[in-house]
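Let me begin by presenting the structure, written as structure tokens, before commenting on it.
In order of appearance the chains are A, B, C and D, and numbering begins at 1 in each one.
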């Protein structure tokens, strides 16, 4: 039995972490925290997320000093803002905890990335070296030994799971950059008051064209350039990515299928479609990334879908936990 | 041609007013204003409400002193907060304008009502005397002579249009209070950043049970008590009210139909259903209130639906304008 | 380990049954069937309900003779049309199975009820006698001994859970009939092609006013008349019922709270609200019925919400199973 | 005053035509028809589309022989299935009517196109020669003289309005095919009972990958290949297309802006965005196509949005009518 602390539990991803971890037979939640300034301090998690009522009625505790919360804690989940994770992760590591960070603070091992895309200068280059990027299907060996896991962003998870097998197998003509069009539910913007999130304002629309922080995250980890255009969709949760690529000359549909099968046939949280492509609803509320594709001549379209809060955040974090500590990979997830 | 000023044009009802009035052949919009503190000052109305792009690209001007905006203005629409209308209406009246107020500041001629339901003490009892409550189908004579029109609330419009013909005809047994269950779109809460309005939080739910300010507004103008339970619905606009009443002994379905027909057969913005009851979508984007009903023994259920921003706000305001100045009642509305 | 057959597994409630039962440690699904005429015969359940892909990929088998499916089967779930359950239940009982029927075929022990509300004459009055109405919180003793469980309708579950403690405690003045206004998600209409279910046509609207079959179901089991007005809501799943009642003279808010607590404080699938009332989203995807209320003078408003496919169908069916066979009441449900 | 007949008025585009044409000061609707087999024959248009109640309560008449409906008719709108338009257009032309066809029956002057994409062999090659493709902003001269107008498809309208100015100006490197990702509301599938359209089944998903009939329509009229991937979105109406292209070396953002301005600055139904890109809601219920774009190096993303039933169907049909007969281009549209 491991003790775990969930920092930033009040948000949407935080609540999903709570939901998974309270069911986990090997985990014991010691506390849920929010920042000392938060209006939510003192409330129950189930006041903010009433689906948890009667299941997890723990309070959200204001945390101003981590030392009040680290005693006996084995694993800390950080479902916090990027800057906050950047500040807290070293402290929790120093306190002897394994840290699983859901923010972007340790995803890219490139100091120049953070000022440009996150607005702060990274102070912990040695942690950028040590952090394991938790794209779980591709990092199972490294995950077993690390003390700092950086869970990928929601869009990067779907995008990389779709593209990595093809790139690694050398099937794509990368002179023509893959075009990733992805649409995310509104929960991707977090639980906060903002006109842009308000019910009457949300409407299908691209945003962050050419400058979304997930574009370099995808490109760095895939090792190739991509055009990534995120869209806000009029639904609460889920991401659907439609990816248009060019195949190398002579590459067949079978080779594409083989590459996906080789990568994922033994991976329980990626579901491949023999025919057709997934719809968003297939994965909402579930920990899977579903992938389908179609080929015509040298053109390939891959469709990947996931719940942005689950495989794109909390479920992948728990999957990383499971791998890290040798639990069944899908423990508490399905 | 009348000159009109729209105060508080940045909100949802304000934008609908703009949309009606720029099409109105007898109206000339002189300016659109917002409060001097608003972040929206200086933006175009079409920046906030892009459906107006290319149609009305006027700026939202910061108004700190009304005298900068009253020159030559015949009619002022106040789509402002209750307290703001309460403060501004006397000033515009003093400047010689006809005032059409969409807030609750002058709806109930009872000084005790405002501290309890709106949180301020009313300073202008003489205006409460003078104001005409603009439930347009029922006030056409009074509207023609007033200089201060108080447009009813959204729920009260639907509720009163449904009940008033029956009460006036003496068909209801009012010992049993009519039960009004109504569901409104999220735009009813206004254009603002709030967790409660955010896309992922909105979900069908009652609110303001037994203490919503529209309950006394309805009761006072109908002259009878009602139980009014508003709900937030998961749609942007529209109100549907389902009203359960008890008929006096022996009252027939035909008598109910006759009462509605007598009241509304010559009223172009109330549409009566011979059979069945309306759905919300029948009226969204339209200036109508649709009414249907069913009778079984002494039980009567009336269903009334309207667009909360239109017949429940902007369209009724323009309807009042049209009646006040002798234009066709539906001018620019249909 | 019990063997179970799910008949009518292709619908929305059927798929939810499959989802619960494949996780149930004491249950083994032997087969999923659809009618011999169904176009879905031969498809996988996960073709129709892709959320089950990789979890339950069993085929939907055409069933023309039940004997092909009864060997070794202990429990049969009927998620079938009313007429079909009416025909099949006696056959499965004769074959020695315990039958848990989700249709309306055995809910009301009154032969006159079926021709009027379901369009067929009941042929099995002896089964109407034997059937236990599976409103689980209220029938735990009887459920343990029956071989035919009739799972209540979705609206009746929420309505009765809200009203029964109050009526049994004698708190309501029933001279004034309780007014039940309830709104259901579209899945309540079943998985079928129909203009009325189509995306562009669905819009908040009452239906079945004064003649919905759930009205007598509620009234018979509560032993009192009610006015029940169902509405179609623009969401896939969930029911929210707002119930307006009159309290007997002198009844206090505390007495109401006490009645609910006495009924449900040890019932894990009913969640009571100390303050406020539930929203629909609190229960979507969950097996709970959530109940809150407000009192003013002699007026009481109770709000009950549930997932129509879960506590209103599949979860309650599994809850009945659990009670029937002595499993933990919430086994596989939470 | 011209007399007009609307054939296939019962569908979503048909109802929008009715809505525009009854307001049109130069048009008189003589009749609304549906096929002789339709269940809707004899109903009022406002029974099917209640938003028209009180505005247009004309009956939907069964049409088995066009001669019963052509007397005195100047213009016929065909809002019918492709095969039906293919059959009826020649008959109405022979009867002396101007025909404005909203189907795909006359959009592509290539006999091989119809068997492959529409499933029938075209019988009227001479009409394919004569038909003017009504992409209104680009065909105003030809429209003035034709008797057969073929209104473009919904996706092709947005796609071509976005790409044609750039291609005509030689700004695009077409060796890399433009990638058109577009999402349409459910009304694009028509008013019909189908599981795929049902409320609980609709979910964001690509369909018709590499083989949608609008791909060749776009490619033929643009004169270049494109990759077109349509998606079904979870909203009733509207299309948003995100188009990724490669610019020729050295082409600047200003050149792109200039090309759009040159094409559309005097076109009232195309709205260009100086900065940013449009959201779907900007155009829903309106006759516009809104276009914005972003450039980075040689990459260009154009976003075009329209209401699929309006600029993508009925509004463009009326725009063609207006141009054809010399009315103001936006008559009755804004």
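Simple rule for what comes next: contacts are C-beta pairs under 8 Å (C-beta built on N, C-alpha and C of every residue); 3 or more make two chains touch, one makes a residue touch a chain.
This structure is a prediction, so every number in the text was calculated from the model and none was measured.
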{"item": "Per Cα centroids, the chain farthest from chain D", "value": "C"}
{"item": "Pair of chains joined by more contacts [C-beta pairs], C-D or A-D", "value": "A-D"}
{"item": "Cα-centroid distance, chain A relative to chain D, in whole angstrom", "value": "40"}
{"item": "Averaged-CA centre spacing for the pair chain D and chain C, given as whole angstrom", "value": "45"}
{"item": "Shared-contact residues (touching 2 or more other chains) in chain D", "value": "201, 234, 278-279, 281-282"}
{"item": "Chain C-facing residues of chain A, complex", "value": "50-51, 53-55, 268, 271, 278-279, 281-286, 288, 290, 334"}
{"item": "Chain D residues touching chain A - in the complex, by the definition given at the top", "value": "176-177, 179, 181, 183, 201, 203-206, 209-210, 227, 229, 231, 233-235, 238, 240, 242, 244, 277-282, 294, 296, 299, 301, 303"}
{"item": "Chain B residues touching chain A - in the complex, by the definition given at the top", "value": "12, 185-187, 191-195, 197-202, 234, 236-237"}
